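Below, chain A partners chain B and then partners chain C, in two separate complexes.
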Partner chain A sequence: MTAMADTSLTSVERKRSRPLNIGAILLGALTVICAAIWFFPVFWALSTSLKTDDEAVRRGIGLLPEAPTLDGYLYVIRNSDLPFWYLNSTITSVAVTVIAVFMAACAGYAISQLRFPGRTLLWWTILASFMVPVQALIVNHFIIMASVKLLNTHLGIILPMLITPVTVIVYKQFFDSLPREFREAAVMDGANEFQLLFRVFLPMNWGITTALAIITFIGAWNSFLWPFLAAQNEKMMTVTVGITAVQDTFGVAYARLMAGAVLAGLPVALAYIIFQRRVTQAITLSAGIKG
Partner chain B sequence: MPHVELKNVTKRYGNVEVINGLSLAVEEGSFTALLGPSGCGKSTLLRMIAGLEEITQGQCFIAGTEVTDVPPAQRGAAMVFQNYALYPHLTVRQNIAFSLSIAGASREVQNKRVGEVARMLRLDELLDRRPAQLSGGQRQRVAIGRALVREPKVFLFDEPLSNLDAMLRVQMRLELAKLHQSLKTTMIYVTHDQVEAMTLADRIVVLDKGIISQVGTPLELYNKPANKFVAAFIGSPAMNFFKAEIAGRDGEAYSLNLPGGRTAKIVSRGGTVPAAASVDVGVRPEHLKLGPAGAANSHFDGKVSIVEQLGNSTLLYVDTPAGQLIVEGEGNLKIAVGDTVGLSLDPAASHLFGTDEKVI
Partner chain C sequence: MLKSRRNEMLVAAVLVAPFVFIYGWMFVYPTLQMVQLSFTNAPLIGPGKWIGLDNYKRLFGDRVFGTAVWNTTYFVLLTVIPGTAVALGIALMVSRLNGWFQSLILSAFFLPFVLPITVVYLIWDWLLNLQFGIAQYIIGPIMGKPMNVWRTIPWFMPGVAIITIWWTNGFSILLFLAGLRNIPKELYEAAALDGATRWQVFTRITWPLIWPVTVLCLTIQLILQLKIFDQVYLFSLGGRTAATMVMVQYIFEQAFQKNSGGYAATVAVALFVIVIAFSVFQYQVLRIRGAR
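So, the complex of A and B:
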């Protein structure tokens, strides 16, 4: 015990003797200020959602609710199709995540590891496709989905959202970075392409798949424009669309609106908090591509 | 019948020809080393036997069956890679059992075979570790185990020891030699390290620019190199070369006018060369004898420019009329930089090379 105490004392003394790094302190302070600026709207939404409607429209700045209440939340839950919206969002987001990540892994693997005619053209097409904004394709998507009678269906919401070229690019880059000996060793061991992908390549770094899955899920949950167009029936709406579509029914009731917004963003916020490290990794992985 | 045979094999990448009409026969149970400098095509040749590289032209046979177009896994060959290629997410046990698992072997069979291999390679204690938790030598043993578990007809090693430090390399060399002795399976081993090839192989194939320069036992290559490339490549320190002029012939021996004005008689290996022709003389450092400068039997006098004392031997770099020659002397040689010495060639251990670089 004495020895341990001595050691800790020494390390404390060492820390104390370290010179102050003014640059690091200023940078730290700037980071805290930026974080506070970013967090304030979130805090404001949370605070407002816990106020009564009277308090929410009262003059002056009340940072915290005087008498916190869940009335806003209860009103939204009772007077909207929120459970349906949650269900729709969950079905579409999970489906988009599973299918898009699976397809992207297969496509990334094929482009990286297999040699077939048109491979380069396919790769350039994928690279070019993520330069086209979704908004530019939305009319086409709508016409196609309408023509195959998939509007107001889960499949109709899901299909156009499966186009995730960045995920393919991230996978391709990952597979490219693996030494070719892994592939060759597995080929010598008798593995076919599916076994190579699912038993060797993907398990080598589940972190990438997890990170891409989380970021795809968050993107799918938060997406608004396509679900807004594809789901006109209130029962088929996703949370983001539903909350927006029915805000008029709440009247000018900021507490209820904020409660709705908080409920809409809650799963994503929870996902972010739980998988913070993976989300950061996914953003880092795709940053080089998007940038 | 050879166990592994390549017939007129050619490998081209676009317009670049890496292997040119090469034929090679490897006997069953032999340990054959493919030796050569970087870029000579030795790894490409091994990969063609493994099936990892397509053969542009020619045929490949393993155990009498043509495997030119057979997928790698069905050739009966197992390969150990330079960087081990162990799957990092799998334990040692799973790595070794991977091929069995792919082949659909039952858990019981997998465990039995893994157990046998692990005992043979002393990996019993490491079976539940992942590759990242192993040392270089242990990883190498796992890589060998992964090949061993398949019970292949032929083992292919692609510079398997080059990632290990010098001490471990020697140790692993011994283990590989023991493994070959106990398994008696055909092994083909690619290396650029002549010491590895000389110590492990019973037969060495020296490759140069995609063609076979010479095939022979380690001592054949060392004592009777077929050409200047093999003579220069085999042996450390390398063989000395200098120009000389043919003065005459006496049976199998040629009289030579040496640089510096003296003469020497060197026994040829049956080749002929016209009088007054210029030839390259090759002599290994240990076949140059030291003596006093100006002695009647010495062929060159020279000044010692560098002395390297290695303990068991001493290397002298001597500046002579024939250029700088390396001489290997005893470990306790008392010669200093600046000393003048006389050097005499061992006529029976010296070699003559013609202008086409082939031995005369």
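So, the complex of A and C:
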């Protein structure tokens, strides 16, 4: 019955909207044009990166390279510290992701499910660190890292980037939303709190953990200000910082510069394209609305 | 019973230990140290003398700090409301599409958001390059001659604002799409039966129901853009930075280029106060929204 009602409704709707179809087509076309304009800078960078340096600065608009070449990429890989930067970025981003997400899951679980003194204070600290601009702490992070001799080390880059309060907030809200019966049943079965967290609660929704991990990874890979301050030695830089540091040494070589830019953005762009749904979920979760 | 209570506390202590350690060392301690440092004349590294409120007195008479506050405010004005409006427009267009086509179009709009800022900088610096940039084919005819956007002070902030909107808009677009999806289909069907026009549907149904998400986007963007540094720093490299200074950049300059840690900390405290004031405001707005 409801199904029939539905079909009749859509046919009514279809009849009514027929005169508007031209409008719909125009809107669709406009959407595609806007998307193309929006994406153009990225396309242009890709296209330039596949040209020769001479072709890149030739007059006129050559949308596609005449003879695509990987010379720009090879030059950047061979003549800069890019392999080191890739290694540094991978080490620091993976470490930040693993430590921050693990720490957040544990803390979020404890604050949500356990009663202990200092719980409220802890929660307020998290909310405070959520509101506070971490950028304002750069001076003191630098002083602290200098005093323990961690500047120009991976650990020195990692530590200040572990302040990601949103992950704790999302985990706490997730654990809050679980029915209490699960916990009671598991406790009856003699499970301890650690088993509860890692064997019952987290596996119930790996999606949340994956989503938070991906967005934390992208955020860590993209961090600029702190890695820029903490790694003064060129061999210790992350990709994000490094590709602008060598801008001058490449000279007027835009194909090479764009090749460097594409290489720096590639891992995060791929992470997004592969895990599109999780990235969307992480963003709506972190803003606190249902996706 | 007592034993299980003590056990619970022990487990909690183990679970929160890494968190307490990191946040204590990397958040609470630096925050307190920052306040303490702001009352001294310390260099970046090394001890300084206690000078009371001198740094704060200096702050109020500091013209560059005034410029930094003004530029930050100007940047917020240029990005927050225009950016949110553009995001809503794009979300409305994308929400009309379906299936793989929608994902494809959404990806085109969202992809810039996941790119590192330095990549965004390199791409746009190339697009707007004075001699070879493809955007000069548009700028040239409009302005009469090719223009170096980053060395033309009146165009600097609007230029950075446009690029920032291009870069960060994906976030708001996703929130708007989620909000639009939560509007019951029946409302639109009923409106279609009543023969409502597109404009009526938007003003009577979509706009009122998407308003809470709009407020959310506006406040998130506001807090985010107050902390602007990366783009402004990168595009002002080699230029007259005093004219295009923003607040975080001034902290950076005082600490790392002028070697005055104490005064940098004072600027940082000022930024702290401003951002917290806006955050509390945001929190209140969200609470009112939640209560309704």
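What we mean here is this: the second predicted complex is superposed on the first by the 254 of 291 C-alpha atoms of A that agree within 3 Å, B and C clash if a C-alpha of one lies under 4 Å from a C-alpha of the other, contacts with A are read in each partner's own complex, and residues count from 1 in each chain.
Keep this in mind: a residue touches a chain if its C-beta (ideal position, glycine included) is under 8 Å from a C-beta of that chain, and two chains touch if they have at least 3 such contacts.
Just so it is clear, the model here is predicted, and its values are computed rather than measured.
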| item | value |
| --- | --- |
| Per-residue touch tally on chain A - higher for chain B or for chain C | C |
| First (chain B), second (chain C), both or neither touched by A:F182 | first |
| Which of chain B and chain C A:G190 touches, first, second, both or neither | first |
| Partner chain in contact with A:V200 - chain B first, chain C second, else both or neither | first |
| Chain B versus chain C as contact partner of A:L26, first or second or both or neither | neither |
| First (chain B), second (chain C), both or neither touched by A:L74 | neither |
| Chain B - residues contacting chain A, complex | 50-52, 71-74, 77-79, 81-85, 87-90, 98-99, 102-103, 146, 150 |
| Chain B-touching residues of chain A, taken from the complex the two chains share | 179, 181-182, 184-191, 195, 199-200, 203-204, 206 |
| Touching residues on chain A, where the partner in the complex is chain C | 9, 12-13, 16-17, 20, 23-24, 27-28, 30-32, 34-36, 38-39, 41-42, 44-45, 48, 56-57, 61, 99, 102-104, 106-107, 109-111, 114-117, 119, 122, 125-126, 129-133, 135-144, 146, 159-160, 162-163, 168, 192-194, 197, 218, 221-222, 224-225, 229, 239-241, 243-244, 247, 254, 257-258, 260-262, 264-265, 268-269, 271-273, 276, 279-280, 283-284, 287-291 |
| Touching residues on chain C, where the partner in the complex is chain A | 8-9, 11-13, 15-16, 18-20, 22-23, 25-31, 33-34, 37, 44-45, 90, 93-94, 96-97, 103, 105, 107-112, 114-119, 121-124, 126-127, 129, 131-132, 134, 137, 166, 171, 174-175, 178-179, 181-182, 189, 192-193, 195, 198, 213, 216, 220, 223, 226-227, 229-230, 234, 248, 251-252, 255-256, 261, 264-265, 268-269, 271-272, 275-276, 279-280, 283, 286 |
